[in-house]
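Note that the chains take the letters A, B, C, D, E and F in the order they are written out, and that residue 1 is the start of every chain.
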Amino acid sequence: MPYVNIKVTREGVTAEQKEKLIKGVTDLLRDVLGKNPNTVFVVIDEVETDNWGVGGETITARRKRG
Amino acid sequence: MPYVNIKVTREGVTAEQKEKLIKGVTDLLRDVLGKNPNTVFVVIDEVETDNWGVGGETITARRKRG
Amino acid sequence: MPYVNIKVTREGVTAEQKEKLIKGVTDLLRDVLGKNPNTVFVVIDEVETDNWGVGGETITARRKRG
Amino acid sequence: MPYVNIKVTREGVTAEQKEKLIKGVTDLLRDVLGKNPNTVFVVIDEVETDNWGVGGETITARRKRG
Amino acid sequence: MPYVNIKVTREGVTAEQKEKLIKGVTDLLRDVLGKNPNTVFVVIDEVETDNWGVGGETITARRKRG
Amino acid sequence: MPYVNIKVTREGVTAEQKEKLIKGVTDLLRDVLGKNPNTVFVVIDEVETDNWGVGGETITARRKRG
């Protein structure tokens, strides 16, 4: 009965990419741990680049610096 | 000093329903564990159906299939 | 397909109390939002009092002060 | 390789305030635990006041009561 | 800079299985979203079966019923 | 009414360091956002190095490689 939460920056993730992430993680839990796919929950959170920090600065600032 | 996070799909949850969830969970923690309601935090996350997966597919896809 | 995470301090919560929390939250989501209980996941995290802070100090310190 | 999640109510937090939170938390982890800032992730979640409960009621209701 | 949290019941997950989960999720984020593996964080939480509920009862109770 | 979750690897974090993290984060939220310290919750999770992955491998493996 696994629960997986994936957090990525909100930068144009498409519905098709989300489907692939959900399918891929579910298959992984079935293959590695033998979990029944019907009991695997996956929640994707898309986070604004202003709200995500690495190295003490926002992703927005890092993207600007290039 | 409990903290409760409730994640549901974003499918028209009303403000009144949110109030009932918050009240209900807070009462539960008071009744079962004797917690002071003033120290109970509840956060409700509403998740897009494209971003929630079960059984390897999105809720959007499941709802379409009916 | 709700997911609920309950965090409480690790201070002797019994198996019976955990059952009541899980049953209570699941019933609440069925009653308020019409969710199918079989799709409700509840995860309880018990947190050491050294690892939980309120008002800038640990729960351990608060409990000592009385 | 710390990960920090900060949840606050969505009540006009500015980009500059977010930068200060991210910088401040990252510095704290470097100073207290000696962590390399480049390995510190910070995610800020802004939560609607309808979706946050304390004392059994929403923040929206508390703000109204004053 | 993705962050992934995987929650499973604590039922004898081996170190090798954890390695496979971490490798698999990281590869998935590289393949689907083009993320740099060095920026992918994965945290696995193992949850006691007394602390995980589905359908209003603990996993412990479900496992006993068979 | 902020809630902060800090996840670090379980590698000998002392009670005093936890107190400093809790105090530091609480002060930060007061200084940057004007939050009342009494409403700031902080939860520290210590994660086994086998359960934390970066770059597709566990921290345990990275530490061994040096």
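FYI, a contact is a pair of C-beta atoms (placed from the backbone, for glycine too) under 8 Å apart; a residue touches a chain by one contact, two chains touch by 3 or more.
What you see is a predicted model; the values in this text were computed from it and never measured.
Where touching is counted per the definition, the chains common to chain C and chain F are B, E.
Two copies of one sequence, chain E and chain F, touch each other mainly through non-matching residues, since under half of the numbers at the interface are common to both. For chain C, the chain with the farthest CA centroid is A. The centroid of the Cα atoms in chain B and the matching centroid in chain F are 25 Å apart. Our note on geometry: chain A versus chain B, Cα centroid distance of 20 Å, whole angstroms. Taking each chain's centre as the average of its CA atoms, chain A and chain E sit 13 Å apart. Of all residues in chain E, those touching 2 or more other chains are 1, 3, 7, 21, 25, 41, 43, 52, 54, listed in ascending order.
Taken as a contact graph, with one node per protein chain and an edge wherever two chains touch, the assembly fits none of the named shapes, being neither a line, a ring, a star nor a complete graph. Here, these are the chain pairs in contact: A-B, A-C, A-D, A-E, B-C, B-D, B-F, C-E, C-F, D-E, D-F, E-F. Per the touch definition, chain E reaches chain D in the complex via residues 1, 3, 41, 43. Those residues of chain A that touch chain E in the shared complex are 1-9, 13, 17, 20-21, 24-25, 28-29, 31-33, 35, 39, 52, 54, 59. Listing the residues of chain C that touch chain E in their complex gives 15, 18-19, 21-23, 25-27, 37-38, 40-46.
Residues of chain E that touch chain C in their complex: 7, 47, 50-58, 60-61.
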